[in-house]
Amino acid sequence: MIAVLKPGATEQQIQSLADWIRSQGLTVHLSTGRYQTIVGLVGDTTRIDEDLLGSLSYVETVKRISEPFKSANRKFHPDNSVIRAGDTLVGDGHFAVIAGPCSVESEEQVAEIARAVKQSGATMLRGGAFKPRTSPYDFQGLKADGIEILLHAKRETGLPIVSEIMNANHLPMFEEVDVIQVGARNMQNFELLKELGKTQKTILLKRGLAATLKEFLMSAEYIMAGGNENVILCERGIRTFETYTRNTLDLSAVPVLHELSHLPVIVDPSHATGSAKLVEPMALAAAAAGADGLMIEVHNDPVHAMCDGAQSLTPEQFDKTMRHVRLVLDAITDIEH
Amino acid sequence: MIAVLKPGATEQQIQSLADWIRSQGLTVHLSTGRYQTIVGLVGDTTRIDEDLLGSLSYVETVKRISEPFKSANRKFHPDNSVIRAGDTLVGDGHFAVIAGPCSVESEEQVAEIARAVKQSGATMLRGGAFKPRTSPYDFQGLKADGIEILLHAKRETGLPIVSEIMNANHLPMFEEVDVIQVGARNMQNFELLKELGKTQKTILLKRGLAATLKEFLMSAEYIMAGGNENVILCERGIRTFETYTRNTLDLSAVPVLHELSHLPVIVDPSHATGSAKLVEPMALAAAAAGADGLMIEVHNDPVHAMCDGAQSLTPEQFDKTMRHVRLVLDAITDIEH
Amino acid sequence: MIAVLKPGATEQQIQSLADWIRSQGLTVHLSTGRYQTIVGLVGDTTRIDEDLLGSLSYVETVKRISEPFKSANRKFHPDNSVIRAGDTLVGDGHFAVIAGPCSVESEEQVAEIARAVKQSGATMLRGGAFKPRTSPYDFQGLKADGIEILLHAKRETGLPIVSEIMNANHLPMFEEVDVIQVGARNMQNFELLKELGKTQKTILLKRGLAATLKEFLMSAEYIMAGGNENVILCERGIRTFETYTRNTLDLSAVPVLHELSHLPVIVDPSHATGSAKLVEPMALAAAAAGADGLMIEVHNDPVHAMCDGAQSLTPEQFDKTMRHVRLVLDAITDIEH
Amino acid sequence: MIAVLKPGATEQQIQSLADWIRSQGLTVHLSTGRYQTIVGLVGDTTRIDEDLLGSLSYVETVKRISEPFKSANRKFHPDNSVIRAGDTLVGDGHFAVIAGPCSVESEEQVAEIARAVKQSGATMLRGGAFKPRTSPYDFQGLKADGIEILLHAKRETGLPIVSEIMNANHLPMFEEVDVIQVGARNMQNFELLKELGKTQKTILLKRGLAATLKEFLMSAEYIMAGGNENVILCERGIRTFETYTRNTLDLSAVPVLHELSHLPVIVDPSHATGSAKLVEPMALAAAAAGADGLMIEVHNDPVHAMCDGAQSLTPEQFDKTMRHVRLVLDAITDIEH
């Protein structure tokens, strides 16, 4: 970490800063130029508050050389992480396909979709029991009953299940849920992240609508700092000025997150685009960009889905998309060897 | 609400849609054109899920004529709301000035700032006891001790206090807190909003970094739908491509929210700009735009503030800013008569 | 096009609006409801100014059912366009690979790169002779000399050349240039677009940093409305809050533009990401998403490139990327049959 | 300017970099740490290409300490500039009020509006003769005839006139136009800026929809570097995710631009908000924030304006707004003394 001091910084100010840095367990490297003094902070700067340093009256600018995240950082963990989800694996060549309805509606619905997506090659079943909706008057999910329905489908098909949590108090209900999803709106619900960090559950963390990639990794760090290293990252589109798609899928997130972190990165083309027609091309693109998996909404009757129907595939469309994704994955495999 | 059907919609599809609409307690108004059929939904469409309707295969587009929020809507509540905060009022001519440190650090600090800002005309004292920080390694607040320190300052100065909540389980600690703040990152933490809706506490709801004004009002609606109508809205900047300021303060939010809603709207120029130098011009602009109040960070030693020091005013700067704000408010008063 | 009138619209206002619509050569379809009147405009509404209509005091909202572009619209031209570029083709299965340096620096540089990229399978050579730079003090390109150098490389290698125009007065210099590029910053330089519309040159139109996909197509329409239908669209990233990449590559633009228009769509991963490391994954993703080509910066000595070196591939890296792109293209070909 | 080198930079690389820096007329200040070498570039770094430097393989990061603009920079020109516009002045206490129709439609229209706005205190008359429209099928302005109409109104009322240029070839037509406007879409039409830099005309430069404040100043620098220092900056809203207003007015631009530059800064609330109702509150806010002037659309018959009618004030509304603006300006004057 480097702090560039303002031209007028006094000897006393520089000394007091150096003392404070040393009190944080770091080494100070002073470089006194004719015009400006540059202060290097050497050691583990993860715990240094960049804002605090930058707010000192005689500091012009602060620049981190190393990232402020540690557990999630590839520098300290060069190999790709492989995360367990039920009896399947995600990352480092293990490609996850998480499919299912946006909302759990009924036992028949979920069972039928689960059988179909398993047949097409899905490795996990998703379904929302607790639904974050913009309006308090929109359908909020079947809650505990929804979890039960998912568990029933898990017993029937053997597929691990993924479902979203909105409140740490609900954790007991998620005991048999294999992967707990943190939605985009809760990516910086730090209280929830801390609670999940105390468990050993696998967490699927979705990127917030306005979160930078570094903030996204800092949220993963919240979970990991608590002792839970089972985190899967999910790019699902960011909010931009473009209105044709619901969000703008930022696929460069895949190679960037792979560069910065060892955690697996999956892509949700359904929520990113909000349009069933765009799911396949974006799923193929995600696979080609090196994603470790996909999360795709599948509904047996999209036109009556209780939410987000416009972005769901039918089981038939999903089957076709899966065949095409495998073609790209095979091509990519050739590439990486 | 109007649904424009696709050119090929069949008689049967139209009939089944009309039946469903009626089953929701609404009246149907069909307009069959040569090319397209338009379906009007007349009545209280607040509970109609726009996404669901738009997802039907034969629906081209759905357009709300009335907004999907009700309790917060000016149409159903034409007069400005006046919200109580301790023994002060906010809205409809009652201008709130909420001042204090970003983080509560010590009893002396808070007491000194409280006395100073009261002297300069602040109507409430703010201070963070629970701090949402991007990094798990940054200072997270004094928590319960921080609340105690604020209550002590309240007893001494008589100023009502404002503090942020991050977890509904902490509500008991906020019993004597006059105004509970919901931060930008929790604006769509719907579980928290619902819990706050069950209380009668005054809630200061901050706009999310990527929230549209309509989503902002829907979050207020979450609280109000639960029975708690004591909501103050706070514009605090949105995230854009501009990097010179921390966020982009969207002052047009003030007249737009006043048009759409009866709730008071205050502005936080400190977090919006992230720069002490910009606080006064933006505070004056907010007052001129018709805001019902300001929220300003004040610190007795900004260069050592534990967080966000760069955006804090000293008590002297705050005093000067307050005198200037009053000049603008006086000018504005002349305008509105 | 549909105009929803405000509840209080008078009979006379409705009549005068209907008369005006008819005077524009359109048919009026009035639907008078109990609460609101809806006016349908039937016919070619391309020339109707949506803003004008929406500004009438008694109009609540205006909704286009059909898009305001015509020549670029797939509805009126269902087959994919194939655009000629020198003796190569772009679109409908003809995959373009445009490679070369950001700036033309010298004859040797361009000749060497041209030979290398041709060998690796590039179908066109790019090079900037006129450079749009944010700073007036940065290198502005070799101008006429740069064009000469490109033409020399064209004669030597047979590769058609692509170069950017910044001023319609320079058109005479571009006589032998096969494809004229319009840069992102000039996407709404309507005067330039109109002049290019009067030629029969092939135009490579780049999406503006803050342009919606519809605005992008309207800019293509400016060229085509003048009589020049030889337009290739190029997605090159949009400006968002994310700062890790230079821009955010919006790959969903590929299927969306293919849905709305018959024009070929290529992708520039070099400018979009600003980082050599991200070029290959994004090139593969673009190919998988169905792009009709790629535009990639290649430099024989990236660390001394006069501009944008950080995003250039070496000829060796380009060769490897091209082999990988072909693997994905082959997989995709299997898909589409 | 500071370049932080990568840990592995060799002695030879550092030497070659230092030689190159000296060859640019700068002094080198090397600071060799245990881990990293920092290279300071001392002197006039305006002409150093930051991208070029950052692209070197052994450079980790480049940080400008001083801004890359010079003529527009307050550091080299501490006093506020006062710019002449006809026989009026703008900046340093001279408040400009530019009013008039979006498009020039007829002699009667312009004359009537000109008389009205002069009466209400406008200091200049605006009117578009060349109109940048998103669609080639929308009204493009009366062109030369429009300029004539404006000049006629100027002769009648004595108001200096402001009109937009879209093509440097049209400059001869603007000979008697007092202030030439460069629209948001042409803010980075560098060829146009360079041509305007060769004149001594006063230029009103509007901020681009996706331009950072630094890029905005670099565009002003393009004009000034050519020798024309008569530049007025105009904030007119940026493009964000918010759709309720046409753009998001970034009022913090006013104090930020005043801090970075000596040029006057005016605000256009009409284009920023796209809504007549929001013009007054945003005009008052701009005045309170310290703007040097306002640009407001006024139309005698907004509902029939050929473009942008929804955002125009009537002369009566403008008169009222002007009276209110003066109240705020008077309050602000008290502040600044």
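When the chains are written out, they are named A, B, C and D in that same order, and each has its own residue count from 1.
Everything that follows uses one rule, which is that contacts are C-beta pairs under 8 Å (C-beta built on N, C-alpha and C of every residue); 3 or more make two chains touch, one makes a residue touch a chain.
The structure presented is a predicted model; accordingly, all values stated were derived computationally and were not measured.
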- Item | Touch-connected components when chain B is not counted | one piece
- Pair with more cross-chain C-beta pairs in contact, given B-C and A-C: A-C
- Item | Most widely separated chain from chain A, with each centre as the mean of CA atoms | D
- Query: Distance from the CA centroid of chain C to that of chain D, rounded to the nearest Å?
  - Reply: 27
- Whole-Å separation of chain centres (CA-atom averages), chain B against chain C: 40
- Query: If you average the CA atoms of chain A and of chain C, how many Å lie between those two points?
  - Reply: 32
- Residue numbers in chain D touching two or more further chains are 210, 239-241, 243
- Note on the structure: In the complex, the residues of chain A that touch chain B are 46-47, 49, 51-52, 54-57, 68-69, 132-139, 166-169, 185-186, 188-191, 194, 208-210, 215, 218, 221-222, 225-226, 239, 302-303, 305-310
- Quick one: which bits of chain D touch chain A in the complex? Just the residue numbers, please. 2, 4, 29, 31, 33-36, 38, 40, 42, 60-61, 63, 65, 239-241, 243
- Query: Along chain A, where are the residues that touch chain C in the complex?
  - Reply: 210, 212-214, 238, 240-245, 248-252, 254-256, 259, 272-273, 277-278, 281-282, 284-290, 324, 327-328, 330-332, 334-335
